[in-house]
Amino acid sequence: MKLVTAIIKPFKLEEVRSALTDLGLQGMTVTEVKGYGRQRGHTEIYRGAEYVVSFLPKMKIEVVVPANSVEKAVEAIIRAARTGQIGDGKIFVSPVDHAVRVRTGETDESAI
Amino acid sequence: MKLVTAIIKPFKLEEVRSALTDLGLQGMTVTEVKGYGRQRGHTEIYRGAEYVVSFLPKMKIEVVVPANSVEKAVEAIIRAARTGQIGDGKIFVSPVDHAVRVRTGETDESAI
Amino acid sequence: MKLVTAIIKPFKLEEVRSALTDLGLQGMTVTEVKGYGRQRGHTEIYRGAEYVVSFLPKMKIEVVVPANSVEKAVEAIIRAARTGQIGDGKIFVSPVDHAVRVRTGETDESAI
Amino acid sequence: MKHGLLRRLAALVGAATLAALIATPALAVAPTPNKGDTAWMLTASALVLLMTVPGLALFYGGLVRTKNMLSMLMQVFFTVCIICVIWVIYGYSLAFSEGGTFNSFVGGLSKAFLAGITPDSTAETFSDGVVIPEYAYICFQMTFAAITPALIVGSMAERMKFSAIVLFIPLWATFVYFPIAHMVWYWAGPSATVQAAKSLASAAPDAKAAAQAAMDAVSANAGLAFQWGAIDFAGGTVVHINSGIAGFMGALLVGKRVGFGREAMPPHSLTMTLIGAALLWVGWFGFNAGSALEASGTAALAMINTFVATAAAALAWMLAEKFAKGKPSLLGGASGAVAGLVAVTPASGYAGPMGALVLGIVAGVACMFMCSAVKNAMGYDDALDVFGVHCIGGIIGAIGTGILASPALGGTGIFDYSAGKVADYDMVAQVITQAKTVCLTLVWSGVGSAILFTVVKALVGLRPGTDQEREGLDLVDHGERAYNY
Amino acid sequence: MKHGLLRRLAALVGAATLAALIATPALAVAPTPNKGDTAWMLTASALVLLMTVPGLALFYGGLVRTKNMLSMLMQVFFTVCIICVIWVIYGYSLAFSEGGTFNSFVGGLSKAFLAGITPDSTAETFSDGVVIPEYAYICFQMTFAAITPALIVGSMAERMKFSAIVLFIPLWATFVYFPIAHMVWYWAGPSATVQAAKSLASAAPDAKAAAQAAMDAVSANAGLAFQWGAIDFAGGTVVHINSGIAGFMGALLVGKRVGFGREAMPPHSLTMTLIGAALLWVGWFGFNAGSALEASGTAALAMINTFVATAAAALAWMLAEKFAKGKPSLLGGASGAVAGLVAVTPASGYAGPMGALVLGIVAGVACMFMCSAVKNAMGYDDALDVFGVHCIGGIIGAIGTGILASPALGGTGIFDYSAGKVADYDMVAQVITQAKTVCLTLVWSGVGSAILFTVVKALVGLRPGTDQEREGLDLVDHGERAYNY
Amino acid sequence: MKHGLLRRLAALVGAATLAALIATPALAVAPTPNKGDTAWMLTASALVLLMTVPGLALFYGGLVRTKNMLSMLMQVFFTVCIICVIWVIYGYSLAFSEGGTFNSFVGGLSKAFLAGITPDSTAETFSDGVVIPEYAYICFQMTFAAITPALIVGSMAERMKFSAIVLFIPLWATFVYFPIAHMVWYWAGPSATVQAAKSLASAAPDAKAAAQAAMDAVSANAGLAFQWGAIDFAGGTVVHINSGIAGFMGALLVGKRVGFGREAMPPHSLTMTLIGAALLWVGWFGFNAGSALEASGTAALAMINTFVATAAAALAWMLAEKFAKGKPSLLGGASGAVAGLVAVTPASGYAGPMGALVLGIVAGVACMFMCSAVKNAMGYDDALDVFGVHCIGGIIGAIGTGILASPALGGTGIFDYSAGKVADYDMVAQVITQAKTVCLTLVWSGVGSAILFTVVKALVGLRPGTDQEREGLDLVDHGERAYNY
């Protein structure tokens, strides 16, 4: 099993979610995060004070998939999340040893 | 060392925390996340507009433990977080190479 | 490639970010989290009700780096984030199999 | 200004003749409103609405968890709306018209649908010959009828179904509020009283009996507590004790919130609570100073008392907290302010500013003690402390009014219409009358509310399921969320 | 109280002489303001500002997404500021001075820069011989001029550039609001009317023609719709239909929001929306009851109607929602309240409370239907339902006023200054007049707004780029964020 | 309306006799309040409380970081409460009673505990023979005493301990506010002045010297700045310069916030700041128009000026920002509005609307420049720009009043009670008098505040520890958090 972590633009969440569910991936976990990268931020001005805000709002999607679904998942995410403009985000794949479903105690692939 | 990640129902946080501390696990990190899964969401209506909200509030608990504590930790979490109803959540276990305590520079098992 | 995860005190974020960019690490993702550990929380009182709040606000920084940069990154974070007081936080290093840049489809080291 | 000296009228009536004659120069001409009074009463009505929405809605809303914020706002808002409607249909009539056989307890239906009232209709104030447009009076009293049941919902916050609220509120207004308002505030008015007293005084010996009978009839044309002589300037009894005890019954009958005592339930936004408390304060000037029904020195007295008691109670609560728990809190300050406002309500037109100061301090400390020590010891879940603040604060105010109205303590005393001057003040008698009225209200509203909650429970149930309660009433009852940041 | 009986004056003038003579005892002395009226008008002006900022700003702001919150607040706030300034420079003069050749459509510039006005200047109310300080009148009318264009911006929320708003608002006020206000509300005033009627009645046979000409001149010295006899107590036409149709045009011409219909766009804070709705309600008492221009029984009537129609409409919307969608929502309640407020605006001083009740129910249900079924079917993106609530609610109110003003339905009828009493009521004629005025406003404002939007588009463009719209107007237009929690 | 023509009285007194006699028809009868005035003053007092809580509390609270929100609310709320209490105990007496030997600087204790005041007591307005209930006057002035020290806390926001605030505020009120209010606003009142002038004018030759002495005594029975002839309609000097310079001292003595200049400290909720700014505007009508003490044309003038100057200053700040930084911001607009309100405060009853327009523009631009360029250059940490907005805006207003009060510029001039008419206007002399009063205030309040901060520092310390400051004052001082979403 692998954990696929995608950092995407927030307004792409809905499209990515449906792309993943189209693949039959029935679960995922999403976190609001702030990203720093090549995409430049903006300046905020409050009376005399100017702040350069370099962190931009992003969505982090985490989905644990069977090892053989990784490629499909990554491709689906890219297709749904790409705008072609800087700041589209990244996908990271990392190993997962075990998975357990709390409700039933099922483990590994049957748990996800 | 392993990272145990549990996604649970928010109101179970306190019980899970005390189950883990009972095991002697002294640290953990918690994130508010939104989960998508079998548990169905709800519909929100604002004047003429209806929205199906499929992401539900969940808590993500991350705790890095010595490899030999993984099993105990997973069991403790299951016991504390289970309600028996859909949406109880998942536990994922993944590898961690190193750990460092910022304050002292201690590493690995003595860091957690 | 490795994922370096640092949990730090919130007001240290800016210093850690600039320490990392000084190393040439051009991207990172930040999440607001709550931490439980040795650092004690506080008590909140609302009329008749007292609550012990044991979770403290922390920042989680995630940065994926080439394997050979891990050490430098960890050191930079420690230097920037340390105050010497309890609650300074932890750094965890874990493996990453792949990385992809959504915009271009570039993979692995050229993606980060 | 409510008062109850009618029963002493007959005795005093001889001496009063001259004064009464002077005070009523032109009996033939119907009095017209002074525009200054009208301006103030319109303003006061707007202020009391401000107290309720957004004031009370925010004060309460800030104290619940995010997932129930909207339901809290909705319950208060709904209450205001439904009461406005039933008030013009039959509420005003039940509270403020002559009730025939049951006149001691409740009014009749002669003014249902506001029958016969036009822009030229007037209502009497507490000064003989001074009137305001009746529509203004109806508006002002409407806002009182609206806020009182809205206060109750705080007790059952976070766990009572909206459908149960929808049923309970109009029932409670009908069977509890309108009668209590009638019992405490309804009377024949100054002009009838003065007239009857004058006739009696000037009656030829053979007409004395008839004049006395007429006088008695006027005196009897009043609500029960008014006949007793109870004084309640702006509604300590009618509004606060009344809603406070109803809330207490609700908290008991609805039961504790899921997770009560185990899970943390901190207020989701003390910012909103502070906004609410501040708007309550601002609006309460309409409530208290408006209860003078005139833009007069008495209104100004009510206003200064409302400033002073509130400030003193807020400081007292904070200070008590500082000693008891180590830190003065904003919630403490805001709660103290409300406790002070509650306590000064019945006294605002009777006590002097120094009396109000003392009253505020007592209310601040006592209510703080009720909402922490006593409540924790007894273990009921009065979620937003409606009982501890409104019922207890109201009782302190009602009894305190009996004490502080005394001219010896800087109070105004009670005006005697037949004598045309302030009467001698009997503090013990007045305190006993006040206590009787408190008991009447506690029993009527306590029993009445318990019955109504039971009826509602039987009809639609009081609570949502446990899972629904966990999800929050906002989504379950209303399908929307207070915030989508 | 606006009314339009001038054209019937001549016919009635004979019978009216006596009444008019009685009503005008001392013609030589310039009337001075009653301080009660002044107090109320000052209060009313403050209340109308409260309606707009923070009221309307929050009502609207709560409904947009977080990233556009600040832009919403800014657009409303800017509108108030720019209107206050142009109002004293030329707006008041264009709306409320004699306009010479174009007097049927717009005023002149004789009062530009408030020339000649001092603290002692007075403005007439609707009662002969009753005046208020002209500065108070200017303030009160200024707040109306400010809120009307501010209502429009809700239609184009979340996607119209600030620079376009900055250009559009003063243009719209100048070419649409000031003329419409003049057409509906400007007239020669009660004293001139009564004078002319008296002269005519007492004119010797050989002077009849001259007196008649003078009478005609006075009758003609009024805005177009006023001459028609349209009645609009507090601005159903001038404020709500006017802004509602302008908003509709704006929504069409600016186009839909990026993601409209595909992405969820839930209100970011219904808490703010409820605060806003409540402050609108509170402030609307100034708006409606203040439109009596006196602290009178009519003001009190306007106030009670504003209570009742609002409450009824809120309940009606919630109930309709309960049946249509299963759950009554807070947004529904708040929207219903605003719909009720809008609908009762023109009727508030004419209808009786039971009429207001019915009007509220109709407005609540009809506007709910417009904002869900009709809007969804037609697919335009009127982001905050300015058309569905203000234009539709305004039309219901304008027509409803023609019906409910009838004394037979508990209304006040229309006062006839020459007869010194309420005139016979011809409901059909009045409804037709009301409908004509509605059409005049729809056409003038609809066409005018479309032209102005097109002009502004040509000059600076209406919308930001797609990426900028996604980022949100707060950062793009103002470089700041509403919240940094 | 405060004015200072007493020193010129003697010269003019001959010509004034007739006018004075006409203006005072019935000397024997004690005047009673006009209910319109009373209605307005009650309303105005409520409005000024609204300005402070929630207005100012939210304006300030929105600008701090989340972790200090509650402490900000608490500091403002506490200030209001403690001032209300000390005001009735001794504050009113120190500010507005005769002070014996020190009468030029401070009042006495004859009215401590509001001794001798009843609902029938009256206070004089600025018109001879016009009075309001003294309780209403005390309430109104109480709200001024409350908001002034509350303004100060913004300077030391986010870093001053609550215990230090608790000590500082009552000390500052006692040693700075009450004296300054006395110096600028206390005088013998119109009736004594007119009486003395009349006696002098009609005195037989042999009684002239005695009459002149009596006249001199009346003239001398006033605060220092009042004797100089300073004019300050609603408190530009007493409220804004006074608190602004105190805040500046506080910012210097407390020191900069931890992280100042290195960490981002954006406002946590500009939504709250806008609500606060809007409520400040709405409430300020009570502040300025209420300062007329009557529901008069002058009150209406103060109201329109308060509309116009505020709007103009908001637009000016936004425009200046647009040029200087590229984008107009909501915070800029709100800050500009407050700057305009501050500047128009002393001028509101003296300038004409066009004067107010100019004053607003100047204040908007100048304060914007102070709060960005100058502050950044000098590097002090006046967290919420109390100095830049209130002190600078107040000075612009105080000097501007001297210019704009001139009838030649559309102002009202200054009323001369002995002549019974507006006096000739000497602009240079008036500006010099205004400048003297500004200096008096800067020195008294600047030095006084510095001493008091030093005393408080010695007693309890001013700041929490660095870690505590980082954690935020909400948890450290009050043990609660503003939000638990």
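Letters A, B, C, D, E and F mark the chains as written, and numbering starts fresh at 1 in each.
Please note the rule applied: a residue touches a chain if its C-beta (ideal position, glycine included) is under 8 Å from a C-beta of that chain, and two chains touch if they have at least 3 such contacts.
Predicted model, so just to flag it, every value in this text is computed and none were measured.
Within the contact network of the assembly, the step distance from chain D to chain E comes to 1. Touching chain A and chain E at once are the following chains: B, F.
The interface with the greater number of C-beta contacts, when A-F is set against B-D, is A-F. In this structure chain A contacts its sequence twin chain B using mostly different residue numbers, the overlap staying below half.
Note on chain placement: the centre of chain D and the centre of chain F lie 35 Å apart, centres being C-alpha means. Each chain gets one centre point, the mean of its Cα atoms, and the points for chain A and chain D are 56 Å apart. The set of chain D residues that touch two or more partner chains comprises 34-37, 39-40, 43, 264, 266-267, 275, 325, 327, 329, 331, 479-481, 483, 485. Shared contact sites, meaning residues of chain C that touch two or more other chains, fall at 31, 44-46, 85, 94-95. Per the contact rule defined earlier, chains pair up in contact as A-B, A-C, A-E, A-F, B-C, B-D, B-E, C-D, C-F, D-E, D-F, E-F. If you check the complex, the residues on chain A that touch chain E are 11, 14, 42-46, 85.
If you check the complex, the residues on chain B that touch chain E are 44-51, 53.
Every residue of chain D that touches chain F in the complex is listed here, in rising order: 34-37, 39-40, 43, 47, 65-66, 266-271, 274-275, 277-279, 281-282, 285-286, 289, 294-301, 303-304, 307-308, 310-312, 314-315, 318, 325-331, 333-334, 337, 352-354, 357, 412, 483, 485. By the touch rule above, chain C contacts chain A in their complex via residues 3, 17, 26-31, 64, 94-103, 105, 111-112. The part of chain E that touches chain B in the complex is made up of residues 264-267, 321, 325, 327, 329, 331-332, 335, 371-373, 375-376, 385.
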